[in-house]
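Have a look at this one.
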Amino acid sequence: MTQMKHMTWYEFNERKDKDVVILPVGSVEQHGPHLPLFTDTIISEGFAELLAQEVNGIVMPAINYGYKSQPASGGGPLFPGTIDLNGVTLIALVQDILEELIRDGVKQIAVVNSHFENQAFLLEAIDLVSRHMPEGTKIVMMSWWDLITQETIDKVFDEVPFPGWALEHAAITETSLILKFAPETVHMDRLIEEKIEEVPTYQVYPIPKDLVPASGLLSIGRTSSQEKGELIIAEALKGMVSIVNKEFKN
Amino acid sequence: MTQMKHMTWYEFNERKDKDVVILPVGSVEQHGPHLPLFTDTIISEGFAELLAQEVNGIVMPAINYGYKSQPASGGGPLFPGTIDLNGVTLIALVQDILEELIRDGVKQIAVVNSHFENQAFLLEAIDLVSRHMPEGTKIVMMSWWDLITQETIDKVFDEVPFPGWALEHAAITETSLILKFAPETVHMDRLIEEKIEEVPTYQVYPIPKDLVPASGLLSIGRTSSQEKGELIIAEALKGMVSIVNKEFKN
Amino acid sequence: MTQMKHMTWYEFNERKDKDVVILPVGSVEQHGPHLPLFTDTIISEGFAELLAQEVNGIVMPAINYGYKSQPASGGGPLFPGTIDLNGVTLIALVQDILEELIRDGVKQIAVVNSHFENQAFLLEAIDLVSRHMPEGTKIVMMSWWDLITQETIDKVFDEVPFPGWALEHAAITETSLILKFAPETVHMDRLIEEKIEEVPTYQVYPIPKDLVPASGLLSIGRTSSQEKGELIIAEALKGMVSIVNKEFKN
Amino acid sequence: MTQMKHMTWYEFNERKDKDVVILPVGSVEQHGPHLPLFTDTIISEGFAELLAQEVNGIVMPAINYGYKSQPASGGGPLFPGTIDLNGVTLIALVQDILEELIRDGVKQIAVVNSHFENQAFLLEAIDLVSRHMPEGTKIVMMSWWDLITQETIDKVFDEVPFPGWALEHAAITETSLILKFAPETVHMDRLIEEKIEEVPTYQVYPIPKDLVPASGLLSIGRTSSQEKGELIIAEALKGMVSIVNKEFKN
Amino acid sequence: MTQMKHMTWYEFNERKDKDVVILPVGSVEQHGPHLPLFTDTIISEGFAELLAQEVNGIVMPAINYGYKSQPASGGGPLFPGTIDLNGVTLIALVQDILEELIRDGVKQIAVVNSHFENQAFLLEAIDLVSRHMPEGTKIVMMSWWDLITQETIDKVFDEVPFPGWALEHAAITETSLILKFAPETVHMDRLIEEKIEEVPTYQVYPIPKDLVPASGLLSIGRTSSQEKGELIIAEALKGMVSIVNKEFKN
Amino acid sequence: MTQMKHMTWYEFNERKDKDVVILPVGSVEQHGPHLPLFTDTIISEGFAELLAQEVNGIVMPAINYGYKSQPASGGGPLFPGTIDLNGVTLIALVQDILEELIRDGVKQIAVVNSHFENQAFLLEAIDLVSRHMPEGTKIVMMSWWDLITQETIDKVFDEVPFPGWALEHAAITETSLILKFAPETVHMDRLIEEKIEEVPTYQVYPIPKDLVPASGLLSIGRTSSQEKGELIIAEALKGMVSIVNKEFKN
């Protein structure tokens, strides 16, 4: 079994000090007219489950809510349905969960993130926890996009140019991933050809309403496909497995 | 559609100021040898979904982690797999989510809780938020056990005596509810006849290891059944629908 | 001597690692037209003093202010004169005091509470402190109502039916206790026959003004008497003494 | 009636927007071999009661615990029986209480302090509260020593030279005040002739154990008397009354 | 005059609601064997001063300490001399300063950052402040590297390939900038040819000691020159001026 | 070299466990019509540099912003240009910096303060840090005014009477110090003869606008001179050197 949520405590107890415990972290954030608000969490949970199957890991219930969406990587906080946590809250939340795992005797923790804006706050939480961890405990954090090679980028962006990872929001990679992980939630017919025209080179508050397209799309999503989703998943998963093996299995 | 997680932001946007938004809150907590760690969250999500169907509501992604399990209502924090948040963290988490909803223009919020120990901290969060809510916004919090009549209690506890709600942990009501909401996660064959023998009349720290049975069972779970689950669900749901109608529909 | 407030530090110093240190926790909260705002603190201080006499304990200065009054257990925060602390403040306050005691070398701490709403926050503070306590240190928390047997309840509620502990606010038990602990502050002539008519089965914010009677009385106080106060005190005190003896004296 | 603790909420309610509400703030701190740990709170409560009688004020239950004792003004934190709050805790505690008063409609608040080290943290709390106070609300903070004239100092320090207010700890002024406010708690026979020999001109941590005399006495207490207590009380009280009249009565 | 630190309050007062107030934010962080620990702050202060001259702005005293150095963008926290703030501290610090400016009536605030790791926490602070800003107040945040065009990158990286901004730590751009801003603090003779060999594609805690070169250099610094510094400054400054003009001058 | 900001990490690393590390703490605060807003920080940095030269110390980058100016010691928060931190922020800031030093292996830390209002909050931070410091680590805090003898006071206040240290704000001592440390920032021609007429004997909020002179001057600055600056510096520096030698060099 991979899902902690369906385990009894007896089942968790038997495996807790031997197996990698995987914490998926997502967000509730606008992803344009065609993708669900839970896109990031679906992706994190999807990768976590696949990784657990490969490395005999345990998938924890996800952190469903994430840090504040930024205009140039998620459309920003002004879209209804984007439900953001303050930085200090996310730090405390992750800290508490990791500390509980460690108190339970867990030694191998892998955080799987797929919401760009979470990164700094997840690392802050992990850093604070790591200062008091017992010897031998390790925490890794992985984001799928960091594991994609240029070769795969070239294949995925065969027609549309690659806009960089931050701007790849609700665009080809995420659409392709959801087409694979939760196809029933994608509305390809609603996808429109819109993208951020002028990527801001600075930040301004109050955030202007017209900084990003009204649809919330930052980059072109055309040419998304389940096949591309498979390609990305295969490579990112391979990377994750090899990280887990390298860090935890020797 | 009831699940916010599967909505696009367009879909949420259209309904956000008309419909009740329902936030299920659970926990990751030992529930004996036969029930899953996610028992409370499964129940909260189950009720939230049913309620949403009845009142045309929107179910938010759950708060998956809850406040610290207490010995006399959840077995306490010493069971591996029980992953608890500190009080201040849960308060901040709920506060942030509610404030984001309100900033989005949501006016009707229903918090559905099924983890006993969450109550004080959820109310603290709601209280803090309510001090700055715009006129016309309302938040209700409901726990299913508060909506069960003596009549139903008598039916459910036909053989085993009712031990009180706090002690009804991993026992007849929760087992029956999970038999209905997620039967594939229940292991009736592993259920044993164990209960807390001497209910403590005070609290002591460090929490003694032998305060509760080694299984984590606080009360007798025998006689649990899907039928009893249906009975409880029917009555609690009726109560929830009537609360929502009373508070939000006039 | 029992009262730490009247001790010199020399006197405290000599007893600090041998004797039980008792921390009374109360509140400043409406208690109807006939009881003083300090009802809870008076009761906690009263029990603490009696307990100290029995077990050779030291009574600390009380925590005079408590957590937020709730409508269905204290009338709620809308009554002028109810002065409530935020949850995080009460947690920090209790944490600091307990940690100071422990730094001083105190090994045996008993928290005596008589404000229903304090419970979750007191336990959170104690839990946080207990994670770093030196071996051999113990903290117990006691609330007088948890120590009353059904037999005594039957005697006290000889005419008026027992409404449950949460609703026993400014009613027979508290009135009887104050008639014993601080009779000069009770105005029996102002006591009126009022009670909450429909006990709410859920919480709603903003808290409706008409949820509880205008007097702040939640249950019937008629038949209160000093004799009943004595009865309750005798039994609760016996319980407290036996807890202290069990936890600290072996 | 002056004591809020003995008022019913009806009584408080009638006076809350007309009368000055007085909050005494003290500490639990070593005061040498002859004075009680509660010396500061006794003094604050004593002044608060007298002031209330003069200006028809309402005395709140005291803040019993204060900020950390410093070596050169209270002996420091190493004396058993000195129970100190962290700075952030005291700030939050005072903030909560003041905000509750203001929510209740109180317009005139006087904080009466007698623990030297509390000052900065009390002012921080008041400052934070004052940023959001309704127009017309005022908070004053008074410490008795700020109201003593040179003439009175000369009278009180007729034999022993005045060491400055910070060092006047457990010495002539405080002993004289307690001889007046709570004479039964003073042990003049235990008073010894000891004082800090070299007043430190800087702070060092860890705090050296030999920085202050082993008795905790910082200055000479000889020549303390009830008459001197009366003298100090008379003058400080006159000052407090005139402050209240000036700030609140026009 | 540009430097607030040298202004009297009269001078600041006259300009506070007309002129842009510029807040430089830096860090104290290892920058290899040849650059000073204050590299980032020197750069921020340098840009702030030049910008102020161009737009008649006021430069505030810098925030001297920044967020935690990360291995792949600053070498990480293990280098002595790297003095990092926790995330919550930096957020609070920036929040307080911005709120004070706004209370003083300042309407135009430009934050100039040059420490990569600060970004998320600065934006969190600005976001929190912006929720309560008076209408008409604006805050921009600028990092010099976001304003450099590909053309300039090509010129600066004429021999050594551009490793991306995160890895450009203590390398060509920062060395060139310090050669211009504070040449006396650069030790070109100590610069060695070292760089991170395998850029990590994930994060792991505890941070391994051998993740980055022992020198703290992440990329090649050879070919740094004052001329390149001038080139970068000219372009970034032009960008900053145009941002300020666009956001504040219409 | 004395300035950490200009050191490479190699240079800091070699000296970090042998030499005293000096942290100057200042403020951004009104100092009348003739002194710069950075007066306190200039003084702290000035003393820190001189002290470092004497004891082979290392001067850290200053804490540029300080705690809230008070009317009777700094004019209060109402003067534009006075940029104050909240108490909790300053505590956290100092705590983080000290803890980082200690993690780096620094054993000898001297905090040099020159902003009156900082004192309580600096000590709170140091106290919190000191509870977990490794054996052998020491932190001292020094404020220059505590090191001035009566003899020097008599010389400096040859014409104008000494008003006490709290009121010596933007007056003779600070003006004389800046005339020595940063003469180019002093405008003696703008100095006017103004002082607080009635020193308040209590605090009141909201802070009245007319509590202090409109210029922000609390005491007479006439007769300030570079010579007096030299006198004060010589004596305070001697005191600091002797403290450092006493605490760290045996």
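When the chains are written out, they are named A, B, C, D, E and F in that same order, and each has its own residue count from 1.
The criterion applied here is as follows: contacts are C-beta pairs under 8 Å (C-beta built on N, C-alpha and C of every residue); 3 or more make two chains touch, one makes a residue touch a chain.
Because the structure is predicted, anything quoted here is derived from the model rather than measured.
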Winner on C-beta contact pairs when A-E is weighed against E-F: E-F
Listed chain pair E-F, C-D or A-E that repeats interface D-F [over half of contact pairs the same by residue number]: A-E
Distance between the centres, which are taken as Cα means, of subunit C and subunit B, whole angstrom: 28
Inter-centroid spacing, subunit E versus subunit D (mean Cα positions, whole Å): 48
Centroid distance [mean C-alpha coordinates] between subunit D and subunit A, Å: 55
Subunit C: positions in contact with at least two other chains: 86, 88
Ring of chains, enumerated from subunit B in the sense that reaches subunit C first: B, C, D, F, E, A
Complex contacts: residues of subunit A adjacent to subunit B: 4-10, 12-13, 16, 28, 30-38, 41-42, 60-65, 79-86, 88-89, 92-93, 95-97, 100-101, 104-105, 182, 185, 187, 190, 216
Footprint of subunit B on subunit C - complex, ascending: 67-68, 70, 77, 86-88, 91, 117, 119-121, 123-124, 126-130, 133, 138-143, 146-147, 201-207, 239, 243, 247
